[in-house]
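You will see two complexes here that share subunit A, one where it goes with subunit B and one where it goes with subunit C.
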Partner chain A sequence: MALFKRLIDWIDVRIGAREIVAKELTGYLLPRNINAWYSMGSILLFIFAMQVVTGILLLIYYVPDADKAFKSVSFIMNEVPFGWLIRTCHAIGSNMMVLVLFLHMLSVLFMNSYKSPREFNWLTGFILFTLVQGISLTGYLLPWSQLSFWATTVATNSANAIPVAGPYLVEFLRGSKLVGPPTLGRFFALHVALIPLGMAAVVGAHLFFLQRTGVSTPPFGQKETANQWQGDGYRYESHPGGIPFFPNYALEDLRSIFIYLACFLAVVFFAPNLFFTSDSFLPANPLQTPAHIKPEWYFLANYQTLKIFPNEFIGLSVQGAAMTFLALLPFIDRTRERHPLKRPLFMICAVGGILLWVGLSVWGHYS
Partner chain B sequence: MEHNGRRTFLGVCLGGLAAAVAAVTVWPVYRYLAPRSTRATAARVDIPEKEIPEGEAKFFEFNGASAVLVRKRGGGLIALSAVCTHLGCIVQWEKDKQDFLCPCHGGHYTPDGVVTAGPPPKPLAKLPFSVANGVITVG
Partner chain C sequence: MNLLGSLLVLLLPLAVLWPLASFAAEPQEIVCIQCHGAMPGKIGEPVKLWKGSIHAENGIACNACHGGDPKDAANAMSPARGFLGAPKEAAIPAFCGRCHVGVLKDYLASAHGKALGKGGPTCVTCHSNHLVVKASLDIINEKRCSQCHSYERAKVIRAAMQETEAMIVAIDKRIAAYKVQGTDTESLEKGLFAVRNRFHTLFHNVDVGMVKKESAGIQADLKKIQDQLAALDDSRQKRKIAGAVVVSAMLLLALFAHLLRKTFD
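Take a look at the complex of A and B:
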């Protein structure tokens, strides 16, 4: 122990480590009425780290070549010791990441914490949302199964609806007229290099903005729930008399991460095929389209939207408009009130929007 | 004191649990990364005698490493590891000089594997073999 203290002293006199701990950890105070929903961000960081680690491990045996990809994945699943575990964790982890991301967005939405001065947090978050969708879409192709191949064919094909540039855009996305070996090359580069690096950078920005503005106070259990921000000058939102981040809230974060792990491992061990269909066990065959090709669950609403409009361009425009609305939400919703129950119009729009999304997804699943 | 005893107990339980979690995480990753099998190639190799004329050498994979069979001028047969004892390069057979050269740092060996020049500290390892019905069996 004495040795440990001397080591800490040695570091401290050089870089002032204790000052950082006092300011950012033990002296970093959170609002007293903070709730478990504020742990979603930490769970997402944990999942992102898991995806990076399992992804690097998969790279050891995966071969990004159209003739070998499917075989290499089968090899990982059937021959490499614990390869099934690493691969299942990566595939299920990606689905869980989207799920937790939705929960994080919903909690931020219903606690109205996207409002000034947190527009940057919302915008960087929105970019992360699109990046997560992109990394899921590109990763889906890599096993080069029937499912990968045809899901990618359908997904990239939707860009065809864009007037004039559409057909060229589809070819550009695929690197060839049809999905084929050139598509695998570019999707692989996007999936393992460009998008993860982009995500790491945007996560950094997301946390930087959080650190500069300070954590929001949840509107629940407060008398005064109007946004106090004046906009007259920069002010860090501090919470005097609040709960220390370390050790108090860090332990709550840890508890949330363990609850997440329990759910995640339950799927990994008891329903490992939850997100696979029989087409994911067949190698890609460019000459034979399987029946009922469906995208992953979180793209079903997009898929169904494209189907219900008589014209694909309208379907695509509606989706673009919805995404733009979501991205610009903090600039559109400018009221001061932050308690959702005191905002009937907001509640109708938010709950209606969620029901619409769920309805479209269910419809897409059964159509 | 009472309170401290409980703290220590819970601390030890938590530490044990953490160690167990670490173990079940590290073990699969270790197994995943561990070399799949040291015997990538057979530990017994059969080579027809007529493939190695007098004064020639034949290189082959043996037990996951490189090995060589030489028939010396005059007929003596010998099986050696082809891994140079200096830093592990693979030696080459120089038919005109009837010796082994290691191209990495200029080590020389006789057909029996004895060092004649250069940095190798030890002779090439000899491998056991037997000959029956015109077939050489190494291993």
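Take a look at the complex of A and C:
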């Protein structure tokens, strides 16, 4: 222990480490009524880190070549020691990341934490949401399976619905007229370099905005639940008398991460094919279209929406309008009240929106 | 933010998904099916029978056996375009044997083949000519064999092969189940393919002693494949045990973090 203290002292006199710990950890106070939903962000950071680590390990054996990609993934799954575990963790981790991201967004939505002055937090969070969808979509192609190939064919083909620029955009996305080796090269670069770097940068911005605005107080269990921010000047939302982040809330974060890991590993070990169909294990064949290709569960609502409308462009436009509305929510919803139960119209719209999304997803699954 | 730009960014990832039916377009029918399929009676019947066959299932159409030009209605049945029509009875084995080379050899070496042209059976006697179904032991049955001779001898041969057939079917199912879970089953499939082919050579053999002896050897090879599958089962079982341990460990760590957190209240 003496050696450890000497090491800390050595560092402290050089960079003032104890001051940072006092300010950012033990002295960083959080609202007393903070709840477990605030751990979703920490779980997401943990998942992102796991995706990066497992992704780097997969890169050792994965070959981004249309002739070799499928075999290299099969080699990882069957020959590389613990390769099945790494690949399964990566594939299931991507689905879990989307699921936890949904939960994180829903908790922010229902606690009305997106309201002023946290517009930047919401917007960066929303950009992260689209980037997660983008990284999932690009990663989908990499195993070069029947599912990968045809899902990407359909996904990129949808850009055709955009008037005038559509066909050019499709060719730009694919790198050729049809999905092929150039598409794999593009998606690989996006998946392992561009999007992760973008995500890291936006995560940094998201945390920066959180650090500057302070953690929002949950509206639950409070008498006064109206937003107090006046907009007359910058003000950090402090929580005098609150609980310290370290060790108190850090342990709650840790508990949530362990619970997440228990659920995640239960899927990895007991239902590893939960998110895979049999087409995921057949090599891509451009000459044979599988009979039933369905997107990942989180795109099922979009899939069904496109089927409902008679015109592809209308379907895309409706989705785009819904997403734009969600992205700009803090600028549209200007009311001060934050408690969801005191906002019946908000509750009807939010719950109705969720039910609509679930209904479309179930319909899409069985259609 | 440029709204149009952001809209495009938002739309692209969202778009996995189109009504996929448009991708599964029906292949255009060849002219043989277009004409004969619409004809009544004997001329149209082969098309109806063929549609339920293993040939249709594997995309082997009329012209693969009968030749001709399947894209040109006017010259579809022109000998100049390689049209062969229906073969004479004695020429049937050679007709089918253009593709089924190994089977032709087995057939010609058997008592059935040796009786070709002397009242003996040809391929279509047992397999039929257009409704050709996947070869299996079911073909050896009293109704079919009794067309030419008593069923007694065939019954003994079928019984000797029954167990092997059941083993092959069971192994095939297990391999397929592993395949749809992402397991590399290529070597297992190749192994089973070779054994199955060896087994199928017995189908045309009418020597009871030989069938029994060969069946024993084939079963020994099948046992080797079963051992490999058992090793896979064992590995999957071990993964589940490891999974139970790590999931329990995570839950215990969660409980520990929770209790430790309580000490700071």
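Methods note: the second predicted complex is superposed on the first by the 367 of 367 C-alpha atoms of A that agree within 3 Å, B and C clash if a C-alpha of one lies under 4 Å from a C-alpha of the other, contacts with A are read in each partner's own complex, and residues count from 1 in each chain.
Following the convention adopted for this analysis, a residue touches a chain if its C-beta (ideal position, glycine included) is under 8 Å from a C-beta of that chain, and two chains touch if they have at least 3 such contacts.
Please read all numbers here as calculations on a predicted model, not as lab measurements.
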Touching partner for A:329 - first (subunit B), second (subunit C), both, neither: neither
First (subunit B), second (subunit C), both or neither touched by A:270: second
Subunit B versus subunit C as contact partner of A:303, first or second or both or neither: second
Which of subunit B and subunit C A:86 touches, first, second, both or neither: first
Which of subunit B and subunit C A:154 touches, first, second, both or neither: second
Residue contacts on subunit A - larger count, subunit B or subunit C: C
Touched partner set for A:316, first subunit B, second subunit C, both or neither: second
Which superposed partner A:60 touches (first subunit B, second subunit C, both, neither): first
Shared contact residues on subunit A - subunit B and subunit C: 79
In the complex, subunit C residues that touch subunit A: 1, 3, 6-20, 23-24, 179-184, 239-240, 242-244, 246-247, 250-251, 253-254, 257-258, 260-261, 264
For the subunit A and subunit B complex, residues of the former touching the latter: 57, 60, 79-83, 85-86
Complex interface listing, subunit B residues touching subunit A: 28-29, 31-34, 36
Parts of subunit A lying in touch with subunit C, wherever the complex brings them together: 74-75, 77-79, 84, 123, 130, 133-134, 136-137, 140, 150-151, 153-155, 157-159, 162, 173, 247-248, 251-252, 254-255, 258-259, 261-262, 265-266, 268-270, 272-273, 276, 278, 280-281, 289, 291-293, 295-296, 299-300, 302-303, 306-307, 312, 316, 319-320, 323-324, 327, 364
